[in-house]
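Multiple structures follow.
In the two complexes below, subunit A is the common chain; its partner is subunit B in one and subunit C in the other.
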Partner chain A sequence: MSGFRLLDLVKFLLPVLPEIESPYEAVTFDEKIVITISTGIIFLFGQLPIYGLKPNSSLFIEDPFYQFRSIFAMEKGTLLELGLLPVITSGFLWQILAGFKKIKVHLGVRSERELFQTGQKITSLVISLIYCLGLIFSNYYGSSVKGLNVGETISIGSALFISYQVLGMSFFLTLLVETFDKGYGFGSGILCLLTLQYATNFVKDVVGLELIPLANSNKLENHGALTNLIRNFSFNPKELGKSVLNSFTRSELPNLNQFYISLIVILVAIGINNFRIELPIRSTKMRGMNNIYPIKLLYTGALPLLFAFTVLANIQVVGYFLVKLTGNAILGDYKLVNNQLVLSNGVLYYLSLPSSIYQLLINPLRTVISSSLVIFLSCWFANYWSYFSGSSAVDIAKQFKEQGITIGGKRDASIVKELGRIIPVASVSGAFLITSLALVGEFLGGFGKAVTGVVGICSAFGIMEEFIMESQQNGGNSQLMSSLANYQ
Partner chain B sequence: MSQAPGGLRSAAKRKNTADKKASASQPLSTRSAGAGGSSATMMKLFTDEAQGLRIDPLIVLFLAVGFIFSVIVLHVFAKLTGRFSS
Partner chain C sequence: MAEGFEKLVEVPTEFFKDGTAFIKRCQKPSKNEYLKIIRAVGIGFIMMGVVGYVVKLLHIPIRYLIV
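Moving on, here comes the complex of A and B:
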């Protein structure tokens, strides 16, 4: 082997990186449930506020990432400040590079696969380190650190404490994702945690009970939109209109508008999820064994959408650091609106999605550029992902052959052609549909909740599928299933 | 020296096509290599057990709880010292 390879760099770090053992024997159904739930609980504990910041720091942080918070579980002012962004970015990066053969890796060889996965882990850690340093040096925490006046930069001590917490959580998050991926939990780590985060936040946004003091006023408001509506409900007709309007439109905390948008988007996503083409298949070995092989319209699930927003989010995060460090106004110009740093001009402005109908109309050029970028990225990804993930027409035809299956009325050679006619079209048009749906949700004011809703629902279906398959195969021995059966 | 049938040029051609075939048949992902990994709808990063520092998932869970506990302890200390000093 000649020449320099990226993977050789990984080798040096291999002995010191913690590595989850693969299970020696098949993980039982009960164990999977226990590990999934406990991992989820630990993940949700990541919403602990960072030590060293003011109480309710989320109200003080001037937030440039408000559009991506819920998609990557980046909780403001908490341990999950970076959320799943580093892990998702590194995963997409390596797998797409390998798919395009831009890095030399022989995935057929086991030792190479080991290096490949360790490479993903290291990249994820390096990205979190870079982003964490970026957050500190761009003075992101400047306005929220305890005992700091406006305009001062944070001390080394609090910078160290903050990076210990943020990086520590990122490190453990990578390991938790690995636990899922190695088969101890259901589904993939990234999507399972993302769905969990979305589900809990959805409930919290609607019926959250905690009272939060609003910035620049002495009012207390409930976190949940519905709770807020009920609490401020009064029979005085003058007050009533105001309080109802407020619970629909408030921007510091979740509002009912977002809730309805998420709900509609979720329902439509469920609808789209059901579209599929059913190919009649039959066994070549046995007579009369007929079945159907479904090819879903969302052949690649919500991954294209997730990919498009991963690209966008990384551009915005890096862009924010560059703007803050260099003060370059051509790159981007931020304006503070209700503790959110909203882009008002510059390159980054044209690469960010408008988050209300007003913004959509005020600059049509931005709307066109940003939304066509998102749609292009997601369709491009959908087109290639079936090849990269080993589920292209050729791969499936190979599986058919191994299992002695053929499409009714087709010869072996034309199976590839038949599948090749359906799969790319299904995945690209599915990606287009679901991305447009999410974009409409964003334009109506979803603040990232619409996109997360779509990704969450599609992942939840995937995880459910795996869960049910597992419970049918070895649910008989499961104590949980048998105890549930007693209640029926 | 025995000459390749069809001359040297055709031997080179043959080698080229063989190389192309070999690189075309190389798996593009861990799943197509038959080792699990990202499927069409599920994104997975970690598939094989590497030679590094192997640990049990339960230990990871306990370490993660320990980390979170350390942050809680920081908060508690901050509360306590804040109450005594000011």
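Moving on, here comes the complex of A and C:
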């Protein structure tokens, strides 16, 4: 019964919180495109710097979260300081609670579904509030605040002002994600925004034109790896070899090695994404209607991977706050390397992934502990996800029955059995495969980019499938598409 | 105790056996299909990235204005 009380508690807050209203009528294809694109643009504008920090504040912030910034779109020194982490965390939390029946909710009923979504929103806000306070009290912003020198603490006024901005954006982002989830856009909001973020950063890392001053020197370098390489060619012909090598190995900004790693990871991910088992199905109502029903190897997509890293990232963020607040060295010990706070010992050290082959070899115990934790989390999640999300063998068999479909040569009762043999194996081994791929990318020095690449590509497939399906259903009624076609 | 340990080993080995058998059974995309998919995804991906990056370039003047 306690579960019902939790949802009832949410009910009190329902009138206070702003809410995206569910669409009255079906959202047209054109509207969906426009809303998706404009949401993306608003999201990108969330990466404007926080007012009240020094210009180039990212150089002053000592960054403990560098390993998973790209996974959760946590941009340093900007409004998206917390990125999608609170939204994703609360989403997973509620889904899992509901899946294990800790909260009783009938997602089929509209009012209950609304309560459920509001619950997610509130949790996301609470998490952002806690993390925001954590950032302030752990003196994360430190000397990056305007008018502060190293060692001084932040004044109450600017602390309030900064947390107001970070919290405000986090709240706004929650609403943006809700817009998607209520059916105004393509795919799931979180995955769509992550894909956009990854694609943007991918292009930025390759051709980024901005000149960024390097830490502890007066040199300027281009953000993009390729731009940097080209610029090095024209700059100093005498030191050509050195500067070309530099564009492959520089550590402060994206380098070409990372680019190649990402590229390989993306290509492999695309390949794995298209592994599938095709079940021959036929209609029971009409004769001669034969078709295939594909079951993808990545049955649960990249969600298991995202889940594993969400858990890991939350542990790291909370751990960082605890270390900074209590000064407990057993929990974690940070060392400042190139503006990044790198873990060097403690519990947190063993729960973080090594980010280069050197680190992987220097402490095999850490490698084994952290990577097996990630793989375990992701397989565990994959195992349960099909039951939570209504795509388990029983659910699919029910759908088949409703649509009058049967698997070729199988009776109704044995459909569940047949699907039950395939689906759990597919989702778990898919999750295992994709997680190992991401881990290899990380070990080669991906700094979270490998994971993001895999998640981004898998969700891009999801979005594309939905997009194509919608456009086919629409039968070319889209004004936007036809006007685009006129241009060609 | 020994039984519990056996079970602990059995689950992953079973899983690996099932998994590899499953992956072997999977339909894999042919080379042609693969290239086609890469092209489609790649174009979409790069388009998305370029638009996103252009929006991000707009940040630079705004940055100067507000900081």
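Quick note on the criterion: the second predicted complex is superposed on the first by the 470 of 488 C-alpha atoms of A that agree within 3 Å, B and C clash if a C-alpha of one lies under 4 Å from a C-alpha of the other, contacts with A are read in each partner's own complex, and residues count from 1 in each chain.
Note that a residue touches a chain if its C-beta (ideal position, glycine included) is under 8 Å from a C-beta of that chain, and two chains touch if they have at least 3 such contacts.
This structure is a prediction, so every number in the text was calculated from the model and none was measured.
Q: Report for A:301: first if it touches subunit B alone, second if subunit C alone, otherwise both or neither.
A: After superposing on A, A:301 lies in contact with subunit B but is clear of subunit C.
Q: According to the stated criteria, A:233 is in contact with first (subunit B), second (subunit C), both, or neither; which is it?
A: Neither partner.
Q: Between subunit C and subunit B, which one touches more residues of subunit A when both complexes sit on the common chain A?
A: B
Q: Per the contact definition in the header, classify A:376: touching subunit B only (first), subunit C only (second), both, or neither.
A: A:376 contacts neither subunit B nor subunit C.
Q: So in the superposed three-chain picture, is A:428 touching just subunit B, just subunit C, both, or none of them (first/second/both/neither)?
A: After superposing on A, A:428 lies in contact with subunit C but is clear of subunit B.
Q: Answer with first, second, both or neither: which of subunit B and subunit C does A:120 touch in the superposed model?
A: First partner only, subunit B.
Q: A:48 contacts which: subunit B (first), subunit C (second), both, neither?
A: Both partners, subunit B and subunit C.
Q: After the superposition on A, what does A:464 contact: first (subunit B), second (subunit C), both or neither?
A: The answer is second: A:464 touches subunit C but not subunit B.
Q: Across the two complexes, what residues of subunit A are contacted by subunit B and by subunit C?
A: The overlap between the subunit B and subunit C interfaces on subunit A comprises residues 45, 48-49, 51.
Q: Which of the residues in subunit A end up touching subunit B in this complex?
A: Residue list for subunit A touching subunit B: 14-22, 35, 38-39, 42, 45-46, 48-51, 79, 87-88, 90-92, 95, 98-99, 101, 106-108, 110, 113-118, 120-121, 124, 161, 165, 168-169, 172, 175-179, 181-184, 187-191, 298-303, 306, 385-391, 395, 427, 458-459, 462.
Q: Inside the complex, what are the residues of subunit A that reach subunit C?
A: 37, 40-41, 44-45, 47-49, 51, 53-55, 195-197, 199-204, 207-210, 267, 270-271, 274-278, 294, 297, 422, 425-426, 428-429, 432-433, 456-457, 460-461, 464
Q: Under the definition above, what is the set of subunit B residues touching subunit A in their complex?
A: Where subunit B meets subunit A, its residues are 23, 26-33, 35-57, 60-61, 63-65, 67-68, 71-72, 74-75, 78.
Q: Per the contact definition, I'd like the list of subunit C residues that touch subunit A in the complex.
A: Spelled out, the residues of subunit C in touch with subunit A are 15, 18-19, 22-23, 25-29, 33-34, 37-38, 40-41, 44-46, 48-53, 55-57, 59-60, 62-63, 66-67.
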